[in-house]
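Okay, so here's the structure we're looking at.
Labels run A, B, C and D following the written order; every chain starts at residue 1.
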Amino acid sequence: MKVKNTAIILLHAPEDGGIVPAVIEFVLDNKGQIKKLDQHVMEDNKHLFMRIEWLLDDFTIPRDKIGEFFETLIASRYGMTWSLHFREKKTRVALFVSKYSHCFHDILSRFESGEWDIEIPIIISNHDKFRYVAERYNIHYHHLPITKQNKREQEEIELKLLNEHNIDLIVLARYMQVLTNEFIDHYPNRIINIHHSSLPAFAGADPYGSAFRRGVKFMGATAHYATEDLDEGPIIVQDVIPISHRDTIREMKRKGKDIEKQVLAQAVWAHLNYNVLTFKNKTVVFQ
Amino acid sequence: MKVKNTAIILLHAPEDGGIVPAVIEFVLDNKGQIKKLDQHVMEDNKHLFMRIEWLLDDFTIPRDKIGEFFETLIASRYGMTWSLHFREKKTRVALFVSKYSHCFHDILSRFESGEWDIEIPIIISNHDKFRYVAERYNIHYHHLPITKQNKREQEEIELKLLNEHNIDLIVLARYMQVLTNEFIDHYPNRIINIHHSSLPAFAGADPYGSAFRRGVKFMGATAHYATEDLDEGPIIVQDVIPISHRDTIREMKRKGKDIEKQVLAQAVWAHLNYNVLTFKNKTVVFQ
Amino acid sequence: MKVKNTAIILLHAPEDGGIVPAVIEFVLDNKGQIKKLDQHVMEDNKHLFMRIEWLLDDFTIPRDKIGEFFETLIASRYGMTWSLHFREKKTRVALFVSKYSHCFHDILSRFESGEWDIEIPIIISNHDKFRYVAERYNIHYHHLPITKQNKREQEEIELKLLNEHNIDLIVLARYMQVLTNEFIDHYPNRIINIHHSSLPAFAGADPYGSAFRRGVKFMGATAHYATEDLDEGPIIVQDVIPISHRDTIREMKRKGKDIEKQVLAQAVWAHLNYNVLTFKNKTVVFQ
Amino acid sequence: MKVKNTAIILLHAPEDGGIVPAVIEFVLDNKGQIKKLDQHVMEDNKHLFMRIEWLLDDFTIPRDKIGEFFETLIASRYGMTWSLHFREKKTRVALFVSKYSHCFHDILSRFESGEWDIEIPIIISNHDKFRYVAERYNIHYHHLPITKQNKREQEEIELKLLNEHNIDLIVLARYMQVLTNEFIDHYPNRIINIHHSSLPAFAGADPYGSAFRRGVKFMGATAHYATEDLDEGPIIVQDVIPISHRDTIREMKRKGKDIEKQVLAQAVWAHLNYNVLTFKNKTVVFQ
């Protein structure tokens, strides 16, 4: 049902009218059948973003040579930043969780039902609370409590675990710890966080309380790649819902759970399908 | 068609279970027929907000005595802040405009078509640009250019004009001047401003540019009562629309016009129907 | 945290200005502290809907006499249809499921995390597929395959099970079988179904395919009480999302899962909190 | 500011990987600078849709030869259906209106403010009501009352007027008359109608009343190209807003006006920018 045997190239480069046809012809000339093509030019800085996905069935360049050929024949000519992905390869996801379970359960359900065709080899938490859930799914659960004193050491353990499990993507499913820059630098644009406000409004702690006190009429959630500046990373997905004077903080928290899990899931889905490019702290998210 | 001969009381007071029945019975006992009843208790500060509208046809207290009786028999007992309004009385609106016309035209269309049953005796602008529009509708147009030096003087003239025309409500239809506190103090909760972002995000100048640079996935507009702190007044209505990497600043400005005029119109409509109460820099907006 | 010891009365009756104060005073005079009050008058048929919730702590009428007293003193005077509920009593929910798991998992997560303070004694399915999930939660799982020939018999078994487990509410979590009228009559306004379109558009089978072929720009989901006419019951909650020419049927089904589970959860939540009244095939849903 | 001197080609054709590079190279090889490129493949019927816009400044094919060259060199090879447009050429719009003014005023405001860079040479109405509005803008106003008996004759007059004024696009701004097939056939995919429901729900007369009686929780509006089957044409834009039991039919009509004018304006804007392609009663709307 789902097309499996495809390759995807994500690229961006200074705009040059010739890039799109050059990339298309790279695929066609080597007997690739294009499944999906997306491109976008950012008007203000004349920068091109492109995504192309093609069937590998009759492709004449061997799979393990595609990157080398693309770099030599195309990418180097245009000064591209690019990456190559294969649909067949399942993304290996690490889940980080603290004490809130709504995003955590939601992701596990999508995994279990096959809605997301991924692997989740490992769950990391600063609490032992959800070990029993991990056990249901036969996922390794690592309880690594964090204090100011031990953060760097615990992160070293985490990095070792992530490395051992060949993790491609880290999802912070309401993981309530700030990661150090050293940690983040190991997974640039590969750590997705969910913040429970429509950033840049109500960054930092207690966004629901702050939104309540300000008397706003909309509340939201933001999924973004984690960067060195807290709540400042490139935004992947946002969504909002209307609220009114009738909504207490408790009610906002309840409603917020639903929007948090939706927004996080949409962002992870976009990433899993190689639809996201980042550039200058912004994202291009193809559909 | 529209029920005309009704009175409306808006009130708020420290919560006391007895207020709602006391107010209802004040109306019923004097042969008022209740058309609409709304109430809300803010949980955190135990404060009651209430709106009651009733037909005056058989009401036994004379119209010009209702306020006195209500104060004596009810309001004073419960420490209420309250106001009395008559549906029959048309709200007299002053429009302030600069060089953007979308909100301005939108309001005038609603006025002309009878969608809003108001009077607009006066339009004030720091530019002469829209005098010809005012002339179409036989509305007085006052061109009062503002500089740092003359702001207080020009505002004095404006206040005099507003007073002469018995203005009930000032609508800042993208009026690009900051009002002084002295001016605002004359019309507490009676000046509605439209800000072109979903506050508190992107307060101040150039919200569309800032939103574009941050790479947000939603943009919005906020209608609020003007207060001494710029962009900090009680929010009446907000709305948002999704945007993507495809939206340039120019496109955001174009889309923004539509959401600005919708949000401003909804806020003015809520005010015109006496559906808005303010308390501690927040609003209760009944429907 | 959550207020427990409250009673709730839901009522509707031909409009009479005196009902609201009469009900309030019934509570206040007997030393009930009102937690929440909602009322609405349907303009066209002059019908009042009301919900009142109050603390029982100092209430002078014994809990098991409240109904009798309310009927005698208040309800009978005004020709009310009414029901009395106690917050403390956990709603006992039966889940019906077929082969789609998204709504099913979503509800179980809300149950497990304590977001919903309910009991789920029983899961009924026409497939054996999700028995292992039921076992995780120690919930009875009954596999009752349905054919044209055995539907009435199987439903008899179901009714017996529902009765044994004192079920208050049946949630059809994408249960792909049509229930007979005989079955539905046992649980009027107590069976919530989710339909995967924004009714009345695309009633019946294959709503996503039909929506795709018509080329609509929005798709949605509808939660409603099951009635004798398929997809015609009183609508409790609807929601929609934008789609475009880019959305294939497969993509619509994927997105639809998220909106289905959200809408169903919102409807169940409204029911669990005694916020829903039905009248003439429509609902009043208080917030 | 706005790029003026561009050409746009809209095309669709049976999918063939080579079309996109062929069209790009047609532009690049003749020294056209591409401003915007959009393409989409409908998965189910393997059909390609494409829009390309390029600067004509250095383009080596003379403007009046572009069509001929494109047909010969590109279109005929791939069996394309295509059209060529020049940004510089202002679209000439005819407005049809009856007695509702909200869409009518909204469009005229966009025209007057320069938000839409169009010409409106003519307004046609079955009532004389808005002649004074047309006079404000110096637009010809033709009052052509329609009866069952005279419809064909009046339409003949309308067609003659539209022809005399070189009309490109007809906008039915809540024009309450059904057009004959003979009339529609003169302007295929060039007549935009606004229907006041989220089609296919509540087609035909009185959609607000029907929506109210069904008790739906969302209402909407639909802009579509007029076709022989009433309310069945290709949908260009839809939008919806939430409603509740609190909304009377009168309130729905009031809120509906805002959504009608928004949806109609968005559809006209998409058409004016040559972003809409139709195929098998569906649209592809590029952004």
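Note that a residue touches a chain if its C-beta (ideal position, glycine included) is under 8 Å from a C-beta of that chain, and two chains touch if they have at least 3 such contacts.
Keep in mind that what you see is a predicted model, and the values were worked out from it rather than measured.
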Quiz item: Measuring centre to centre with C-alpha atoms, which chain is farthest from chain A?
Solution: B
Quiz item: Once you count every C-beta pair in contact for both, which comes out on top, C-D or B-D?
Solution: C-D
Quiz item: Rounded to the nearest whole Å, what is the centre-to-centre distance of chain C and chain D, using the mean of the C-alpha atoms as each centre?
Solution: 42
Practice problem: Mind checking the centre-to-centre distance between chain B and chain D? Centres are C-alpha means, answer in whole Å. | Solution: 35
Exercise. For chain C, jot down the residues that touch at least 2 other chains.
Key: 244, 246
Quiz prompt | chain C-touching residues of chain B, taken from the complex the two chains share | solution = 17-18, 20-21, 24-25, 27-28, 33-34, 36-37, 39, 41, 242
Practice problem: Quick one: which bits of chain B touch chain A in the complex? Just the residue numbers, please. | Solution: 40, 42-44, 49, 198-202, 214-218, 220, 234-235, 237-240, 244-246, 248-249, 281-285
Practice problem: Could you pull out which chain A residues touch chain C in their complex? | Solution: 1, 101-102, 105-106, 109, 112-113, 115, 136, 244, 246, 250, 254, 257-258, 262, 265, 287
